[in-house]
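Before anything else, here is the set of structures, which you'll find just below.
In what follows, subunit A forms one complex with subunit B and a second complex with subunit C.
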Partner chain A sequence: MKRILRLFDAFETEYVEPYKSSWIKAKLKRQDDLRAVAEALKEEGLRSLVTVSPTDFPDESRMEMNYFFEDLQTKRNCWLKCDIPRTPDQCRIDSLTPLFAGADWSEREAFSMFGVDFADHPDLRPIIVSQDFYGKAPFRKDFDWEAHEADTLNHLKTIVNDFEKEQQNSDANLDPDGSETVLNWGPTHPASGPIRLKVHCDGEEVIGIDPDIGYVWRALEHLVTQKDFIGAIVAVERLCFMDNINSMVGYCMAVEEIAEIQITPFAAWMRVLLGETARISSHMMGLGGFFNMMGLHTLAMWNMDVREFFLDFLESYSGARIATAAIEPGGVRYGLQSNMLDELQKALDKFDATKEDIRSIFVKNPTMKLRAGTLGILTTDMIEQYALCGPVARAGGVRTDIRLDEPYAAYSEVEMAYITQETGTAKDRFTQLFNELEQSVDIIKQAKKRIEAGIADGEFNPTKDHMVKVPKKLPKGEAISRVEWARGEVLMHLVTEEKAKSPYRLKMKAPSFNHTMMLDHLLRGQTLSDIPLVFGSLYICQGDLDR
Partner chain B sequence: MELLFNIIVFPGLLYLLLWTVALFWFFRKFMAPLHKRVGPHFNGPAGSYQTLFDLSKLLSKESITPRHVNPYLFSLMPLLAVIIAALPTALIPWTPGITVVPSDYGLLGLVVLIGIEPFLLFLTGFGSHNKYAFLGGIRVLTQMISMETAFFLAALSPALLFGTLNLQTIVHTSGWVSFLVLLPGFTLYFIALLGLLEQPPFNIPDAEQEIVYGFYTEYSGTNYFLLKLAEFAEFMALFAGAATLFLGGYRGLFFDGYLWLFVKMLAIAVFMMILRASTPRITMRQMLRFSWRYLVPLSLLNTAWVLLAKIYFFGGAQ
Partner chain C sequence: MLKILDFFDYAKSESLWMAHFCTGCCSLEMAAAMGPRYDWERYGFLPTPTPRQADILVITGLVSKKILPALLRTYAQMPEPKYVLALGACSFDGGPYNDALSVIKNPTEILPADVFVAGCPPKPEAIIEGMEAIKSKMKNKEPSAASQGGLWKEIAF
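For the complex of A and B:
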């Protein structure tokens, strides 16, 4: 850490300070230094640029750029800021994509949402947004949504026309006598979900893939700023409904940090308990989806059967099975009654009863090994370069898990270890998910035991301890929080104004965004049959891909 | 009169429709518990009307012919596919009494008619003017070429053993010893059958997650119904072929009759369904490798084995 601090001596900074246990927070005075600093950080070992998050301050007429660098090996991280002018023609900064391949889409997103121009970016096209938003920067504070609504009508035809032109172009550019073609794999393809992969292929062989995303863009990061701090959780949990709990935990941690409050140990344990339940519910779908992609629906059905029991627990706790809205700044939303834990016990029993069947039929399936055993290999180098995270990174042998790297809630008291695979193939990613299911069940058992013991000896009061009061208005501040979400690391960057009733800016870095970037690298030279398998193994959810 | 009955009722049109509806229902109902589901439930006893309703719904739906396709090719192929797929029923000895077209070359006819079918399916994909349908059509052809060598060799092993192409004679002369001799042939036939019927792990031509619905993609309404009917007629031809060639057809314990043939066909269907519930799809390359590297050499070996068995156990050629 000291080496990173010292590294900033060579540059003019407004401040350099340690932040939390594993971060250095620094602000550069001159934006021209950015690339040199990034290069120095990369040499120091911080090889992953997780995301780029601009914050718009129209009153001070500046755009504040936030860069989050991580070192997945030694867990040293750096939060780098610098100001750039916000007038459209001067809103320009050096691109970091040549240094950090993973910054590619993040910078394209900043370009589409805030109109930041990145010099030297190899492929600065708009991403996520549709044609009616091109050149408009919808996330800037002075963006006129009403004028945009009125203007939308003018663009109704643009999308259709552009699509048709694109189809004609792709046909015209290819040899009419050859066997090359461009397939639209999605957005209404049986296995794609709302994403379109433009698959350039020669017969069955894939030449290149260009993902077109944004079909479920709900502008959640903007929506949050229209709600109060509690209301915002319903936007945050819609990052992806499979694991809604952990994304809310991340947001609430950021709010609590700004409000400077501590949640009770009981609430912390409840966050662990609920979070792992949601993780199981997500992994169950992920495992099933993997086999669905190979045309076998049995595992998905079997997993649904088990998953229902875990959803029963969420329902008994929060009243909802999927979108629970169960975590709130200050703790967890509801108290705990003993019959709720009985529901959880039923789910755990069901899991233990079916686990070995699933392992013997599906995890050890010879046909699955034949297909996925050598496919879609992610090396450690690629994982660091593209800032991949979660089960996908761990399956490639990288020991990264926010629950252990930067323990939150009550994870510091949980006994757990890194689970990793070695080779990073599609099969490893599948096995990884299955092993993590077992780990999650183990954590739930620990949390349940701890909560029951706490209630028994009067340490926890399950009907009162779940919540501490959070003021409605928050002071001016800024915080980042990281949680290990089901699909990987979610980084929340929250900015508030003085006496704020709602967030000023919330950046949610979600794992699928970086993972989808890998499709092109993994599938070049493979066949059409491998697209769904690799897609499924990367555990992508369009919810957090588009936000 | 009898011929008319054969064509319209058994083993002709009505039987084919009933078979389609019943087998479709059976597939769904049998698959459901393997998936931990209930399956068709509300319409009729155990949901048995469900497929009837589904098929009649398809018949009454609008049949859409996309722009830019040749409408004759597009709509003729499903019809041809049904007819070709249904013709083998005429050659199969259903009961000791009923063989619609008794012939000394029954087996040859059966094998040829089954062999034509994938080519028609390729033409449906080819005529659909759709990238996914075309890819599906190409996949059908590729699979047909690699599977049919093994299929023909396996299907002809009983003919070698018994020295006849007459299906009735094959059924008559089969017994426990011939069943054991033909067991490797039956295994090969079954594997090739999975390939020809596009069943997992060889459901490559209509791999939903890869190429949408293969050659079916553009079909709807009546045309789709006809293609489904052709698929189930093909099931019938191949199951009945397997039962006739290797399992002694209508012959059984205590009495001979259609029931035994039906039970044998159903047993093959059940085995196929269990595979479907537990085996993911393999890729095109893996299928090609499997077929040419293992299946075809093995079926050649099987031919040698049948010839040897004929010489040593059955007293050689007459």
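For the complex of A and C:
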């Protein structure tokens, strides 16, 4: 950490300070220094740029750029800021994509949402936003959403025309004597979900893939700014329903940090318990999805059977199966009754009764090993460069897990270790998910034991300890929080104003965004039939891809 | 002759196939309805990969501006008779995304739904109940709502 601090001596900074246990927070005075600083950080070992998050301050006529650098090996991170002018023709900064390949889509997102122009970006096209928002910077504070919405019918025309023009162009650009063609994979493909991959192929061989995303863009980051701090969890949990608990935990941690509130140990353990339940329900769908993509639906059916029992627990706790809204700033929303833990025990028993069947039939499945054992290889180098995270990164042998790197809730008291695979193939990612299921069940058992013991000896009061009061108005501040979500690291960057009733800006960095970027690299030179398999193995959800 | 036609309506209604196309998060509960606990195949429902063989289109929750043309195109590709099932608060008025202006807030005004299932997301039992309601509509020879009106006829897609 000291070496990172010293590195800033060579540059003019407004401040350089340690933040949390593993971060250095620094603000540059001159935006021209950005690339030099980034280069120095990269040499120092911080090889992943996880996201780029602009914050718009129209009153001070500046756009504040936030860069989050991470070192997946030594767990040292850097949060770098600098101001740039916000007037559209001057809102320009050097692109970091030539240094950090993973910044590609993040910068395109900042370009589409805030109109920040990145000099030397190799491919600065709009991403996520629908065609009617091209060139309009919808996330700027002065963007008139109401006026824009009044013209919806015309916007639909724009979208349709653009699509038709694109189809005509892709035909016109192809050699009429060659065998190359451009296929649309999705959004109506049964394996795709709402995403469209523009697959450039020659016969069976894939030449390149350009994902077209944004089919479920709900502008969540804008939506939260219109709600109060508690209402915002409704938007935050809809990042993706498969694991909704952990995204709420991340957001609540950021709010609690700004409000300077400590949650009770009981609430912390409840967050572990609920979070792991949600992780299991998500992994179950992920595992099933993987085999679905190979055309075998049995595993998905078996998994769904087990998953229902875990959802029963969530339902008994919160009243809802998947949209639980169970985590709130200050703790967890409801107290705990003993019959709820009985539901959980049923789920654990069901899992233990089924897991050996799943292992012997599917994890050791010879066909799957043959099919997926050589496909979609992610090397350590690619994982770092593109800032991949979660099970996808761990399957490639990178030891990264926020629960261990920067323990939150009660994870510091949980006994767990990094689970990794070695080669990073599609098969490894499948095995990784299954092993993580077992790990999560183990963590649930620990948390359940701890909570039961705490209640038994009077340490926890399950009807009162679940919540501490959080003031309705928060002071001016900003915070970042990281959680290990089912699909990987979610980084929340929350900014509040003085006496704030609602978030001023919330950036949610979600894992699928970076993972989808890898499709092109993994599938070049492969065949068309490999697309669903590699897509399924990357464990992508469109919810957190588009936000 | 009349009897034979009745029989076809009966047969059609008891094997409703759904176009496998999801627009939003409610598709998760659709998947649960397909799963072993709820097992909608008991009632003759089945997802089919192509709209050309489908009887119903399910609007699974939110419809964004970008996906609306794809949704309408899928609907247009389906053979008659075809019905629409709308799931979740989003398909009614935007639901939790009512303040988010990047989503379509009146999908069922554009493509009228025959049955609307409330919830965010609706539970699998409710989804199956909604499908059953479409069945009875088919048996009673009621025309589908989208064939009667809706803005979709005025929108190019």
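The working rule: the second predicted complex is superposed on the first by the 544 of 547 C-alpha atoms of A that agree within 3 Å, B and C clash if a C-alpha of one lies under 4 Å from a C-alpha of the other, contacts with A are read in each partner's own complex, and residues count from 1 in each chain.
By our rule, a residue touches a chain if its C-beta (ideal position, glycine included) is under 8 Å from a C-beta of that chain, and two chains touch if they have at least 3 such contacts.
Just so it is clear, the structure is predicted and the values come from calculations on it, not from any experiment.
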First, second, both or neither for A:R321, with subunit B first and subunit C second: second
Which of subunit B and subunit C A:P190 touches, first, second, both or neither: both
Which superposed partner A:I377 touches (first subunit B, second subunit C, both, neither): neither
First, second, both or neither for A:E204, with subunit B first and subunit C second: first
Which of subunit B and subunit C A:F291 touches, first, second, both or neither: first
Which of subunit B and subunit C A:R238 touches, first, second, both or neither: second
Touching partner for A:M301 - first (subunit B), second (subunit C), both, neither: both
Subunit B versus subunit C as contact partner of A:T367, first or second or both or neither: first
Which superposed partner A:L153 touches (first subunit B, second subunit C, both, neither): second
Of subunit B and subunit C, the chain that contacts the larger number of subunit A residues: C
Subunit C-contacting residues of subunit A that also contact subunit B: 189-190, 301-302, 305
Partner subunit A, residues of subunit C touching it in the complex: 19-25, 27-29, 31-32, 34-37, 47, 49, 51, 62, 64-70, 74, 96-97, 99-104, 120-121, 123, 155-157
Sites on subunit A touched by subunit C in the complex: 129-133, 138, 145-146, 148-149, 152-153, 155-157, 159-160, 163, 187-190, 193-194, 214-220, 222-223, 226-227, 234-235, 238, 240-242, 285, 300-302, 304-305, 307-308, 311, 321-323, 543
Complex contacts: residues of subunit B adjacent to subunit A: 34-37, 131-132, 135, 138, 200-201, 203-204, 207-213, 277-286
Interfacial residue positions of subunit A with respect to subunit B in the complex: 181, 183, 189-191, 203-204, 291-298, 301-302, 305, 361, 365, 367-368, 370-371, 527-532
